[in-house]
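Got some structures for you, see below.
The two complexes that follow have chain A in common; it is paired with chain B in the first and with chain C in the second.
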Partner chain A sequence: MTAEIRNTPVFTRRRLLAGAGGLAAMAGATSLVGCSNGSSSATDNASVNSAVKLPTYVPYTGLKPDLPGTAQGVDNAFRNFPKDNPQSVKEKPGDGSTITGMAIIYYAVPPGPDKNSYWKGLNDRMNVDLQLQMVGNADYATKFPTVIAGNNLPDLTMMQVVANFPSLLDKQFQPLDEFLSGDAIKDYPNLANLPTASWKSTIYNGHIYGIPIPRGLVGGYNFLRADLFEEKGLPTSPKGYDELLRVCKELTDPKQRRWAFSLNTQPANLLAMINDEPNGWRENGGKLTNRYESQEYKQSVNDMITMWKAGVMHPNSFDPAQPFKNLFNAGTAAINAMDGYPGWAQYRSDNSSNPKFKLGLMEVYNRDGSKLAPWHLGSGVFGTGPFTAMKKTSDKNRVKMILRVLNYLAAPFGTEEYLYRLYGAEGVDHKTNSTGDPVLTKTGQANTVIPIRYLADAPYTLYQPGFPKDADVQHDYQATEVPTGIMNPTVGLFSNSAATVNATADKNFNDGVNDIVQGRKPFSDLDGLISTWKSAAGDAMRKEYQDQLQKNGGPK
Partner chain B sequence: MSQSSLTRPVGEAVTTASSAEAAKGHRHGTRLQRLSRDKLLIGIGLPGAIALVLFQYVPLLGNVIAFQNYQPYLGITEAPFIGLQNFSFLWGGNPTFYNALLNTLILTIIQTVLVFPVPLVLALLLSSLAGERLKRLLQSILYMPHFLSWVIVVALFQQMLGNAGMLNTFLIQHGLPQFHIIGVPDLFRVLITTQAIWKDAGWGTIIFLAAISQIDQEQYEAAAVDGANSWRRLWHITLPSLKGLFILLLILRLGNSLNVGFEQIILQQGPVGLQASEVLDTWVFNNGIIGGNWGMAAGVGLVKMVVGIGLVIGANKLAHIFGERGVYEK
Partner chain C sequence: MTTLEQAAAEGTRTRTSKRPVWMERPNPILQVIKFIALLISAVLVILPFWSVLATSFADRQTLNNAAGGMVMWPGRTLSLDAYKAVLSGGVVTRALVISIGITFVGTILSLAATAGLAYWLSRSRSFAAKPILLLVLGAVLFSPGLIPSYLLVKQLNLLDNWWSLILPVLVNAFNVIVMRAFFQELPAELFESAAIDGASSLTILTRIVLPLSKAVLAVIGLFYAVAYWNAFFNALIYIQTADKWPMALVLRTYVVNQTSIGGEDIGSSAGLPPQLSMEMAILVIAILPIMIVYPFIQKHFAKGVMIGAVKG
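And now, the complex of A and B:
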């Protein structure tokens, strides 16, 4: 259920379900896909990993964004698509050979290169024969271990952090530091444009193992139906818990089939910020405290009980299969808190034929409403597949050639390569409208979704074709919230317990909490749940993370 | 299970053991002669036999991972052997496992006692209908839900009876008290049993209807002449004729009895919670597959298989004691 964060600014209804993605990494609900650095493995420890020289960051300067991003992590924003599209890669990167790859796809599988002019064109431009295994999003977690077990790895694989990940990388994947570390990356300027923070998730065993798929640090947005708020004259950014509860109650009207929230994780994620819970973990003098063990979490569970009793959550809120995006579009739910932020473009397009629909964003205030609450930042990489790794090979020239191809695919927003990668050929895959924005044609919608964006991608850029003001709204929101943000201190660290036993322990814990919130079990059961979780996974995770933090001298 | 039984005469036991016995008496000539005589039959049977070995027996060898600390990237050959460690759930005092086992057994009993006979009853009701056209129509309607996937069935129930479904929305809009059925742990067993009956009972009637149609009509006529009413005819003719088939199906069902419906349950697990809904299959998923603990997942599968075989053999023995043929003979 990790947020599917994508770069295509144009969406169709057909893509809705496919791109459903999910809530933005559940505000650190120990979906700690964070990685790199240190673990149980003998070769993967903090001292070797901190010795790795990260690639030098050389930001792209060829195009000036209308609203520039910040070093803190606010994304660049463009109101319109740039009219000049400079080339960022001068020569064809490939050598005519075949490159195989495997990545996730959220759409209907597009036609192959023989019947897909876009794909064929891309191959010509890169001078490679790109062959892809496109794996549906529901199947990736099962397909990935199968492909590894089958010992038939493609050249490029979108990675998932699994059990004993460092030793898997060591056995089957190619270390890339020789080609990417420090100034070496300057041979691949579009890869050098990827934010430094995103590279941290690629480091294991003292090596750089791949190309990160970068995402903005904001992680999620609190989407809301501004039209429903306006109808009742309610503030879109309630100041404090009491006002939030009042607003939620006023929004809710079961007779009209309307509730404030459609999933239990939505108010839970809001409350995590309102009550100042740790973002996953809190670090204090080398000691880690998990969100679940904090006093603030207990407060949130208490508040959740109140909210459930107040009836502001949809009756099926505890069903993880709840179609929350549809319910938001239908106005059945008014707030869609901490959903993956590229959802903005999706909601715009889903509701293009609904003139009433008005999209808004909720800022989060602390419990007493005196100031903004600390925002829970994301990990800075695509949660489902944080990086792309390369199959082991002794042929250095081939490694360089594949890196050049990835460099091509990572071309920044607005460049000639980016325009082709996302929108294909003009007149075939897209048309340019009166404001100069590219709009995908039917052909383009089907053909351009080949999942190359999960093999390499440009840094995320805010841009909504046909809605120039959206760039300002989103940029303002990020500029307000991101500076208050706190990071999860374990992002960039690897814990084998987190990759194995925690999935079950976390599920059992949350199942128990759901029982408490729904009044099936007394609040006093919470302590028992916490200690069960701690002995099943939590304490082991803490130790694994703390060991690495100590050796690193603090969070990376 | 029922489909495979359809191809053979109703109630008749067909097994390799018995056909081997039968074949013994007809052995003539050398092996080569017999081979050349039967080459057509062997040729017809060979592809099926190969498929059976390749896709049923060879994969069984994969069960070896139940005794390994299996990691997909190491493969079966390199994964280290850890003995019976993966089976520690059996004696390790894991409360979630015991909870799943208990729920499974309760559901097994419910499904065997309540769900399993429903198709028989339905078939008897259908066969007692006079109008041939009405019978056909009803049959078709009853079969239909079988072809819906569980996702659809669960969604249908959700939309109709769910807390935000048609029924409750109607009740809210008319100021009436709501009727909570879905998402209530205490009603979960009732709910999934109802769904199972709704979906598959109609389909299960096919084989019984076929068997009923095989019963010699003259027996009924003779009984009627002797003054037996319809109830007595049912008791003395129909049910005894179906006994063999019923026992056969029951034994086969017992082999699967620990599978109480993975898809159906996992789809509805969120709202009711694990305490009420966790069964062995979902426990394997939640504890084995999700955490990448493939060895343990295979271990549970093996235990279930052993229990299933035990139940089939035991039930078959029992059938023999009562003078029935069972699934196979001694």
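And now, the complex of A and C:
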């Protein structure tokens, strides 16, 4: 009996993706997938894009960080929450009207504004009626296309890069350059405080289409269980490949259920830096080389075979659903390489009841261990939703009002607005502990998770409540690694093939490589996999990116 | 030939007693084996439930020691933190009430609509019964697709309205066909005698057909109820205000999102009970109402399933 299943229309992921593909067509796109010039919209090319003037960067100076960041991309760090919380927005930004928005939520759904004093308070402070559609992050890719196809856009939408993205923006979203380009952004000082690099991801069709959600340029950290390293007296930053392999072997003890790594991508990401693979792509005189095609990648696959044979990876390492964070907390895996850097706070809180737990970070040296390896930097924006776009409107005053609200939400770390946005009202949503750090109450935990942080956010700031030294550890690490960093030259460029066919091609390629690593296929199969990937997606992506790069005279 | 050999030649057909096989005295060894087999299957069914329950009461250190997996024993102290966290803020309790409401109203409306349609299609002389039946069968084969459905609901002004969770799935074609088959099996003489006594079609349906169809109504009602209870997808697409979410969608955000917290982004999860025990706590809360209702419909269930099996 399958009657109960049939009561709901069954939508598969694949069908949804197909729906997303058809979207731009419904939105009146000028051209569809398979356009000969690669870029899906005639207007989204680099010469137009490079013509747009990025917003002027005016760093916030109201508060002095304990450890200042750098222009290269090291984040500001605070040991404790600042005692003095200056106001960064003098007047209420809103006009009393309703602003609707849609963004993802990672947490339990908070109570609505009528039952949520924090939300009500935020509305009062901004003088708006903020109405939010909250969508679980796993379901956003489903909801986003329906809302767009149904032409039912909220004022603010957390964007996801889909097929024919430039035409979608062109048809339905508001270009913001007149309000934000160059010095115009100075009307919104907290938005002017967002790093220049993060704005690159908002530019399409020669226009600024949104407010970036900035994230640390470092991208990821190589977390390690320092307590397990100390137990065996091992160096936490092994110099070179040979030492790394030795350390991994020493850490591994299957009888005690302990391995160096719990997921195959962890050693793969480390090796990518050790062997100096391209960070996604490598640009040389306008020509792009993907990491898969590089000689260095072959070396890494070879090293992966060695690591797998040496048994330093958890037996289920190739299962993408492996609960790697839990295994790290349990001490089953000692190294969690290139996990998102906000994991620091997560691991701290997960292990608050384990006195033995000691968190450390691994610096990466080149293959022979003579110097630090080039670090692979992140994109500088939140990967799941790089920017927030505004519904098209002819009412300029409304655009300005909404930008003022976003300016409020982007208030930098330590300001009065930031304190309220993250921790709510003192005594209700948070309490201040003896060291001056705000600690959320039970009410605060339930109330403050409304997803405004994906509509606008402050630049990322290092701060670990209750652990002042953590700021130093993280800041030192960033200061060591970020200067060696290389960017992916395609960040901020749009490739329709990357948004459509690459997901499948990339998966097939990686499945094949995993077979090679595990010895189910010979190493000689790698060349075949590479050429299959190139013809399925890689060459088209290269052409689309290169066209934009060449018109631009180099990476943006 | 000895009697023994004779007996062997006649094979197993010879029995000492004249009782049929199912009335034989039970063999104690077989009984024990059956008991053990049934016990093992019962334990296999109960274990996952037990583990859900145990994990929902487990504290952080117990979960960390289990490498983040499910536990079979909640640790030395029972921790109610997960339940407190889940129930604080009133979101879950509200969603629970909404789900019960939608399931109740939806099931009644669905049953009424399904029974009405099935009755119409079951009478051979009804107006346009054949073409409508074809239409219904067509609905089994072809679903309308996501975006057209969304546009329709939007044009009916049902977005962010609980009716959008009921009306689009009000009638399930498969259930109509099962019920129609049941109605067709009712003796034609009943209808004729009722008609001679002057009963209208509606009277025949309510006074004669429905009372004779309690089994099929119970089963199909259960199908509808479970479907309404579990449906999250329509709510995800059509309901915009999180305050109006049914339980299934709340449950989904808890369960599906947990893996990416932290790795993808920062937040205020510090101080909350472990995510896994919160998920399990909310699972327990979500299972409860169905577990309470199920025993009352169960007796019809066994009878009802056969209907579809033989006549559907």
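What we mean here is this: the second predicted complex is superposed on the first by the 518 of 556 C-alpha atoms of A that agree within 3 Å, B and C clash if a C-alpha of one lies under 4 Å from a C-alpha of the other, contacts with A are read in each partner's own complex, and residues count from 1 in each chain.
Everything below uses one rule, namely that contacts are C-beta pairs under 8 Å (C-beta built on N, C-alpha and C of every residue); 3 or more make two chains touch, one makes a residue touch a chain.
Not measured: the values here are computed from a predicted model.
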{"item": "Fit-or-clash call for chain B and chain C when the two complexes are aligned on chain A", "value": "clash"}
{"item": "Touched partner set for A:500, first chain B, second chain C, both or neither", "value": "first"}
{"item": "Partner chain in contact with A:162 - chain B first, chain C second, else both or neither", "value": "first"}
{"item": "Touched partner set for A:475, first chain B, second chain C, both or neither", "value": "neither"}
{"item": "Touched partner set for A:511, first chain B, second chain C, both or neither", "value": "first"}
{"item": "Which of chain B and chain C A:376 touches, first, second, both or neither", "value": "neither"}
{"item": "Greater chain A contact set [chain C / chain B]", "value": "C"}
{"item": "Contacts of A:149 with chain B and chain C, given as first, second, both or neither", "value": "both"}
{"item": "First, second, both or neither for A:138, with chain B first and chain C second", "value": "second"}
{"item": "Contacts of A:258 with chain B and chain C, given as first, second, both or neither", "value": "neither"}
{"item": "Overlap of the chain B and chain C footprints on chain A, listed as residue numbers", "value": "145-146, 149, 257, 321"}
{"item": "Chain A contact footprint on chain B (complex, rising order)", "value": "71-73, 75, 96, 158, 162-164, 168-169, 172-173, 183, 185, 267, 270-271, 273-275, 286-287, 290-293"}
{"item": "Contact set on chain A toward chain C in their complex", "value": "1-11, 15-16, 19, 22, 26, 105-112, 114-116, 131-139, 142-143, 145-146, 149-150, 152, 257, 321, 323, 325-327, 329-330, 332, 339-340, 342-343, 345-354, 382-384, 422-423, 439-440, 442-449, 453, 460, 465"}
{"item": "Of all residues in chain A, those that touch chain B in their complex", "value": "145-146, 148-149, 151, 162-164, 168, 171-172, 254-255, 257, 314-316, 318-321, 499-504, 507-508, 511, 514-515, 520"}
{"item": "Touching residues on chain C, where the partner in the complex is chain A", "value": "59-61, 63-69, 84-86, 88-91, 140, 143-147, 149-151, 154, 159, 168-169, 172-175, 178, 220, 223-224, 226-228, 230-231, 233-234, 236-237, 240-243, 245, 249-250, 252-254, 256-257, 259-272, 274, 278, 305, 308"}
